[in-house]
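So, here's a batch of structures to check.
The following pair of complexes shares a single chain, subunit A, combined with subunit B in the former and subunit C in the latter.
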Partner chain A sequence: MAQTYEVIESKTFSAVTSVTFTSIPQTYTDLVLIVNSLAYYASTTYLTGAIRVGASNTLDTASNYTDTMSYSDGVTGNSGSTRSGSTTDFRYLEIPATPTDAGVRGSWICHFLNYSNSTTYKSILFQTSAINTANSTISMRMGIGSHITTDVINTIQVKNNDSTNFYSSTATLYGIKAA
Partner chain B sequence: MSPILGIMASQGAGTRGSSFESIQTITVGSGGSSAITFTSIPQTYAHLQLRGIVRTNRTGGDDTVSMRFNSDTASNYADHVNYGNGATAAAYAETTQTRITIFGEVYSLTQAPNVFAPAVVDILDYASTNKYKTIRSINGAEGGSATTATSSQIRLHSGLWFNSTITGITSITIFSDYGTLVSEYSTIALYGIRAA
Partner chain C sequence: MAATYKAIQTITVGSGGQASISFTSIPQTYTDLNLKLSLKSTRTTDYIDDYNLSFNSNAANYYWMSWTNYNGTMRGDRNISPYSWIYGNAATGSHASQTPNTFGNADLYFPNYTSATNYKSGLVNSVTEQNGAQVWNNFQGNLWANSAPITSIALVSGVGGNWVQYSTATLYGIKNS
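Moving on to the complex of A and B:
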């Protein structure tokens, strides 16, 4: 049987603020992006992660993104939801931050549904989990984003929006091919 | 890695060749369709996963899209929902339902025409003949400036099918709860996940 769920590309990255997948084949039905990330930062326990997409190997930097996120912090039982509209990226992902590499990593699972059609706006569903060894204020999140264009997606960028470098992080992009 | 749950299984499936397999994809054509129905589902997988985007023809307000198993229209379903609408997070439960909602927020025709609601739905141990069936759906709707904040939602659903006659799931019917048609360009793919 032909492979349905395939690795497109894996990246391991450090000392950069972003990593970008380009020339994503248009031959799959959905994409799944798995990110395992950390940033070195002493002043807070988490930083803001984001995703930007584009077509023709060019990232869309215009205000064509909206996303809604719900979260729980797992310590006090606090939960809530927030939304941003007309922004320049999907911006409710989370990167754990520690002064050194304490083995902490945050996980993102991001689904890009029907990324290669030219009829609909493109949707992303994501779940993130970030926790540090002190079990402090970082959280688990689920969210949805919409890229407000009918452009196909052939470029995906994983970003640290706090302009701090990622360290010892990985990102793997999978393609799912429907019959 | 042994495939156990759909999304996690998906992470490892890429290196396992045939452990995550496409069964069928249905795309709604011009004029819409009253339902998206998968029939004759093989009983040879450990779990199923549905992935897709939908929109419906409801005009009076936002819609929801649900599913039934094996054409069972009786009150044999229940679900729990956790959601955030951009302002607050909340939860609720529904008992003795006639369907399980898997797309909890689908925009009406009055909103931006290119906005479709996405979902990834895991149906666990679907072929069992001695257990009620459970599902999980992450879904929502987000549509940009044409939508209000509170109609943008991210949702996590769990569902139960507790028909007293326990059988494997051989068919899945997906339909609009408040409209009459699932709209053109809606598409849902059904995958099977094999265990070792």
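Moving on to the complex of A and C:
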């Protein structure tokens, strides 16, 4: 039986605000990105994580992103949904943050569907969890996004939009073949 | 490239049912775990049941959860910590209004489960339906506030009943290299 779920690349990173996968092979049907991360910050909180994509090893920094999410906010106990349009990245992901390593990592699962076609806009599905050890809560987010270009995706960036550094984090990109 | 997504074990409940579904001696050779469930319990008092999941026989208050759910007419959210297990949706087998042969499904993902230094965070999507008035989904983030590597997983019914025949649980291991 053919193997259809393969590792493309795995990165371990610290002391950076972003990490980027480039030259992603165009030989799969879908991509799955798994992130296990923590960011350093002066207080214990959640920070804004984001994803940017691009073609030809160049990130798209134009306002070509929209995303919509449902959330359960561990801090306030509220849930809801919201939408962001015409932004410069997918920005509804979250990262746990602590002043020092508190032994927690947040999790992301992101699916990039049909990423190598050059005729349709690209969809992303994501789910994230971020932990706040100060008040023993978790913030869960689940959403969808659309990259409003027909460019193939060969570059994916994981970034901290609050511009603090990641600490001892991992990101792994998998490729899935339809056949 | 190496194949990275492998079934570690599938457990299918036989006739007569069983109270617990357990994975033991989980290999420490993968990076992440993915658990897929198709569950129905013998609960008779409601349309839905829960599965209660615990790691390493650890039933103390080390589990945190936050979720949003929807049952077709009412949306809710909840944050619970600490708690004695992680839970999500499962189907009930014997409620008078339950449609036969309906099982609840769940997909659970636990990154970096072999770490001996970090707490374990996970993501869950689960759903169960009565095929009538009641449909429930649950989108959840969770945490096991324990730095021990995950070596076993146990699943019991939320109300203490049995899992019925044909309930299944498959544990996959995923490598990052």
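Keep in mind that, in the parts below, the second predicted complex is superposed on the first by the 169 of 179 C-alpha atoms of A that agree within 3 Å, B and C clash if a C-alpha of one lies under 4 Å from a C-alpha of the other, contacts with A are read in each partner's own complex, and residues count from 1 in each chain.
Basically, a contact is a pair of C-beta atoms (placed from the backbone, for glycine too) under 8 Å apart; a residue touches a chain by one contact, two chains touch by 3 or more.
The shown structure was predicted, so the numbers you read here are calculated from the model rather than taken from an experiment.
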* Regarding the shared-chain residue A:G103, is it in contact with subunit B (first), subunit C (second), both, or neither? -> second
* Thinking of the overlay built on chain A, is A:S70 touched by subunit B (first), by subunit C (second), by both, or by neither? -> both
* Thinking of the overlay built on chain A, is A:I144 touched by subunit B (first), by subunit C (second), by both, or by neither? -> first
* Can A:I131 be said to touch subunit B (first), subunit C (second), both, or neither? -> second
* To do: Considering only the touch criterion stated at the top, classify A:V7 as touching first (subunit B), second (subunit C), both, or neither.
  => both
* Asked: Of the two partner chains, subunit B (first) and subunit C (second), which one does A:D30 touch, if any: first, second, both, or neither?
  -> first
* To do: Determine, under the contact definition given at the top, whether A:V16 touches first (subunit B), second (subunit C), both, or neither.
  => neither
* To do: Using the touch definition from the top, say if A:T170 reaches subunit B (first), subunit C (second), both or neither.
  => second
* Asked: Same subunit A residues contacting subunit B and subunit C, which ones?
  -> 3, 5-7, 34, 70-72, 79, 109, 127, 142, 174
* **Touching residues (chain side subunit C, partner subunit A) in the complex** => 1-5, 31-32, 64-68, 75-79, 81-82, 109, 111-112, 117-119, 121-123, 125, 139-143, 147, 174-177
* Asked: Tell me, which parts of subunit B touch subunit A in their complex?
  -> 7, 10-11, 13-15, 17-25, 51-53, 82-89, 112, 114-120, 138-145, 147, 149, 152-154, 156, 185, 187, 189, 191
* Inside the complex, what are the residues of subunit A that reach subunit C? -> 3, 5-8, 10, 34, 36, 70-74, 77-79, 103-107, 109, 127-131, 136-140, 142, 170, 172, 174
* Structure fact -> So, in the complex, the side of subunit A touching subunit B is made of residues 1, 3-7, 29-30, 32, 34, 64, 66-72, 79-83, 85-86, 109, 111, 113-114, 117, 119-121, 123-125, 127, 142-146, 148, 150, 174, 176-179
